[in-house]
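First chain A sits with chain B, and in the next complex the same chain sits with chain C.
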Partner chain A sequence: MRVIWYEIRKLLNWKVLGLVLLISLLFFELFLRFDFEHFPNGRPLGDIFNVTKQMINKYGQEMDEKEFQDFKETYKEEVDRANAYLQSRDDFVEAGVTTYEQFTNMDYEDKVANELFEEVMFEKGIDVFWELQSREVIMESYEVRKEFFKGETAQIDDPEWKRKILDGSINEILPSFVVENYNNLITMLSILIILSVIVVVSRIFITDQRNNTLYLQYTTNIGRKLFKKKLIASMITSFLITNMYIGAFLILYSFNGTQIFFESSLQSFYANTVNWLDITFFQYIYITIIGVYLLAFVVAAIATYLSRTVSNYISLIGVQIPIAVVLILLIFEYLVSNLFNIAYPMYITIGTYIGLIALGAAILTARWRKERKIDIV
Partner chain B sequence: MLVLKNVSKKFGDFTALEDINLEFNNGVYGLLAPNGAGKTTLIKMLVTLLFPTKGEIEYNGVEITSLDEQYRNVLGYLPQEFGYYKNYTPEKYLNYLAALKGLDKNESKKRISELLELVGLGDVTRKKMKKFSGGMIQRVGIAQAMLNDPKILILDEPTAGLDPKERGRFRKILTTLARDRIIILSTHIVSDVESIANEIIMIKNKTILYKDTVTNISATLDRKVYEAEVAYSDLYRMREKYQILSERQERENMTIRFITRDQPSEKWKMVTPSLEDVFLYVYEDDDTLAGSAK
Partner chain C sequence: MIVKEELLKLIKMPIISIVILFFIALNIVIVMSNSYLKEELSVLSELVDTYGYEINENMMKSFGKDYQDKVSWINEIAPNEKEIYQHPSELLLDDSFQYENRLNHKDYQKLLKYSVIENYYVSAQEIDKKYDSIDLGGSAEYLISTYGFTGHAAEVIREQYQKLGLRLDELIDNGEHKNLFFIGKLYKMHSFLFRHIGMALIFELMILVVLITAAITNYEFEHRTTLVTYTTKRGRKLIIDKFLAAMITNGCIMFGLIGITLGFFFLTYDYSRFWNVPISNFFNTEMPLPYISWWNLSFIEYFIFFVLFIIMSQLLFMGISFILSIYIKNTYLVFFTFIILLGLGITIPGFVPLSSSLVFLLQCNPFAFILNPHEWLMGNGPFTIYRYYELATTVVWTFFLGAVGSYTVYRFYRQQL
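For the complex of A and B:
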């Protein structure tokens, strides 16, 4: 364990950590800050977010038909509030707009009507009008939920799976932008983690190769087992890096205030995609994080292998760029973002993970076999 | 006892060493040959970095690869290119290597401090090695090789890049360490081993040419080495006719040291051959000098 600890400390030297910190700050500024700071992004998303949270407080994670009627009642009450507001305004009365229905049917080409609308919605930002708009979006989504699901899954011949969702989780409350926001963040985070693991772990052998310390290391008690020790050090380091990022991410993400949706199914009526697995948002977060750890380990395995086999830094960078690009593209497609989305057959997602893990294991096993009998010239 | 039995090493089609048979008991052995003769290849096989293509290397009767870490536990090695982390202090680096050698943390602490004192680095144990001279780095190298109190200490070109003062100091350290262990010292500098080696091993044409004491090896040129003072005008003729070992200028003439089997002239002075004479004689026009086996 002492040797592994030394190797980890060598990997995590302050210069490398400084570089990783710099990359992280840059990445945060360019790709992450927005989704943390501007969530939900403006109106009406903020209003929908608030209304859906109220719905969960009132109905639980699911809204059945009976509760939907109650939701409609609430909508009517809100309409009454809007009507009262309009009737309290002389300018609206003068323009002949005294009901919410008239407000929504105003001729926006008309200068006066347009000015009134702008004032209510944007200058004063009267909540009830935004809220009504949000409730309409929610009601519409709820009403077409089954048709939407059937349309999206028309090509899938699995009636049992469809029936289960249509009878159950399709009534659950989880706005699509909550999942999209999480997807954006976890995707960029996983790319950042992969890049950081590559930067840190790639040095595991090459620094020793370049400065000839391998000759000393391989003639000590540890001998050829150094490969295994360094591999363990790489894995632990990638685990530590991933932990650090995931920890920081979860802390920052907690401020997005989406915890109330954790128990809702991804197959909610407000979803704009369909997933193979009928899982909760929390389970989805859990699975994507596991996916990120797996990817970090695979990248660490590949980086360790290349660090041992490639003879100089330029080649090491050159070889890893296409690998990183392919992984990043796959992350965007289905490895982290849209994990289990029906856009891809599930066996592709699972197969890719198994393939990557098998590839990592295979190259390391092959190297370990070679390591035992290779000449260190 | 360390024994090489019919050991050969090939790199692809290139044969670096062929049918090497050697036996090492406690004492200092000087492995003397020009660069490219196969010293480093031999040493790398002795320290398990290279595996023989043919033959066996045994320590106390057991093949060293089957002894595995048991063998490496009694091994101390200073490679030709001593690798180190320039931002480490010698103390930190030796602690790291002690961990690799499987030494107890507390015991190695004491040992490191003793060794750094021994090699004259006691006052810079916590200075970064990037500020060290070549000689100081080489002394760190010797200290690390001695960490596990090895029974076999193998030093590959340990004096390369050292100034004469450092080389003298190095020989002194080696003499201190030379008890109860096998020390194999590879070099192409005769003076490094002449005074301290119990036996000299010379490699030529991929095989062992000599393995004997300095006296016996030098004796192979008995009555063949002469010194003569010659005028500059005669120098060219002498060079053509004899194998010159050394030349030095003395006033208007040159004093040359050379080898001949001819009837000696009265003006010549027969001298006692040295190891250096043998080295120069043996490796004159040696084709191994053009080799590239490391």
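For the complex of A and C:
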């Protein structure tokens, strides 16, 4: 145990930690901050976000046809509020616009009408008009949901899941931009994690090798078993690093205020895409995080293997560049982002994960076999 | 021939060629990603063969005459005889035509081709109107409000846009805008070549250049031969040989990777008729505002400058990693320190309040320089709007790195190892 602890300490020395911390801060600034700070991004997304939250408080995670009628009623009440506002304003009355319907049908080529519209929507930003617009968006996607998802089911195998979509009983409330925002964040985070793991874990053998301490280590009592201990150390380190990032991420993500949607199924009537599995948003978060851990372990395994087999730093970095590029491209395609989306067959996703894990296990076992009898001089 | 020995050290690293091969493969995939456009792009080549690329009255007359023939052909083949179509696309969009497609394959292809020609013909007629309606003052205000410039910085933007206005008048006088080129709004060939492929090249070369420079400079420290090599008669002067060796290798790699990638690009997409088309032509427009280059450059001239700037930026990166290597003496750390510098160069300008003109000054660093290669020499980017931005950035940094580099070498000569 003590050796493992020493190895971990060697990997996480302050120089490397400082380096990784700096890289992470810059990475955060460039690729992550925007999705934390600007969520939901502007209007009407912010208004839709608020309306859907109100909906969940009122109807629960699902909105059935009956509740939809109630939703329409609320819409009418809001229209009355908008009408009252329009009638209270002299300039609108003068322009002959006294109802919300007239307001939406205004001729925007007309200069006066355009100015009035700009003033209400942008300069003053009167909430009720934005809210009405959001409600319209929600109502529309609820009404067309059956038609919308019908075409997408052709590829789905699971009969029960398929039937559910075809029935049109997709009543879950979850705006698609909430999932997209999470997708963006977890994608960039997973890239940051695998890069950090590569930076830290790659040094596990090569530093000793370059100092020629490997010869000393292999003549001690522990001897070649050190390979296994170092392997455990690098796995623990990558686990620690991933934990740290995921922890920080979850804390920051909790400020995005999407907790209310966690119990909603990913397949909401407001979704843009169809998934292979019928899972809730919370389960989706779980699965993606598991995916990130698996990727971190695979990367750590490859880095450990390469660190032992490669003889200098330039090769160590050079070999891992193609690996990192390919992994990052796959992460963007289906490994983390849009996990289990029907854009890719499910067996490709699962197959890639299994393949990666098998690859990691295979190279390490092969190396351990070789390590037992290799001549070190 | 110590440089030769140093070169041998680099050539013996197989990893360099592996990474180069990987990047070549990657670039070929990127280049091929637009190959589905090839057929549509070739329509323009035919047009240029018949009419030339310059748009003038004579050309428009004969173009228009031929176009009318095409339209009458369309009306001949149209299944619905009551309607009279003005343009090929009207027939294509006609629902009754879509549902009961009675054309044979050959005619249908011809129809599609004519609808592409229509795009060029119709837009060519609108050029004057479009350029009359360009309101650079309005664009400046729009830019200022979207990015949130205030105070002095906003003044700078307005001033630069006024200068750009003069250039726009000159451009219109020269007739640079009246030339046929691939329609930017549809095909985005300018950003495909100069942005996507350009960025890929720049980052790939950056990785290679930094690794190679660091590896050769740190070679003695990493192979524990410092005490031997640096105590010989040549001694510390070896660092100059190393610099030369890195320079030669990087030069070859740049030549190879840029040559193969762009060679492949031009083999895939036929640009042979467009070398002399001014880059600021109307058809190249991708954004609401057309590309306005600060000088009257043809496509090939712009392209040469583009390659030149890529090489210049790589030389700057080489200088930076050479200096870092002398101080840090470890390839692994040099590589990641360089990445941190890259990140800093990109993020730091973002922390400056958008009211001071310091924003523009801080953008003049080699890392911010490479972010928008498709806007080099153009008056389109808000932060790089100065006419001499590219020139000033590269020249000033060359001198700056030259000075720091010579001091570093001077110090290295006297340093305890």
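Everything that follows uses one rule, which is that the second predicted complex is superposed on the first by the 365 of 377 C-alpha atoms of A that agree within 3 Å, B and C clash if a C-alpha of one lies under 4 Å from a C-alpha of the other, contacts with A are read in each partner's own complex, and residues count from 1 in each chain.
Basically, a contact is a pair of C-beta atoms (placed from the backbone, for glycine too) under 8 Å apart; a residue touches a chain by one contact, two chains touch by 3 or more.
As the structure is a prediction and not an experimental result, all values here were calculated from the model.
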Exercise for the section: Once the structures are superposed on A, label A:N57 by its partner contacts, choosing first (chain B), second (chain C), both or neither. Expected result: neither
Exercise for the section: In the overlay, answer first, second, both or neither for which of chain B and chain C A:V199 touches. Expected result: second
Practice task
Please work out whether A:K373 is in contact with chain B alone, chain C alone, both, or neither, and reply first, second, both or neither.
Solution key: first
Practice task
Considering only touches as defined above, state whether A:V319 meets chain B (first), chain C (second), both or neither.
Solution key: second
Completion exercise
On chain A, the footprints of chain B and chain C overlap at residues none
Handout entry: Complex interface listing, chain B residues touching chain A
Key = 11, 44, 47-51, 68-69, 72-73, 75, 77, 79, 81-85, 87, 96-97, 99-102, 105, 144, 148, 294
Practice task
Spell out the residues on chain C that touch chain A in their complex, using ranges where they run on.
Solution key: 13-16, 18-19, 22, 26, 207, 211-212, 214-215, 222, 330-333, 335-337, 339-340, 343-344, 346-347, 350
Completion exercise
Touching chain B in the complex, chain A uses residues 2-3, 6, 10, 13, 207-208, 211-223, 226, 373, 375-377
Handout entry: Residue ranges of chain A in contact with chain C within the complex
Key = 15, 19, 22-23, 26-27, 29-30, 199, 202-203, 210, 312-319, 321-322, 325
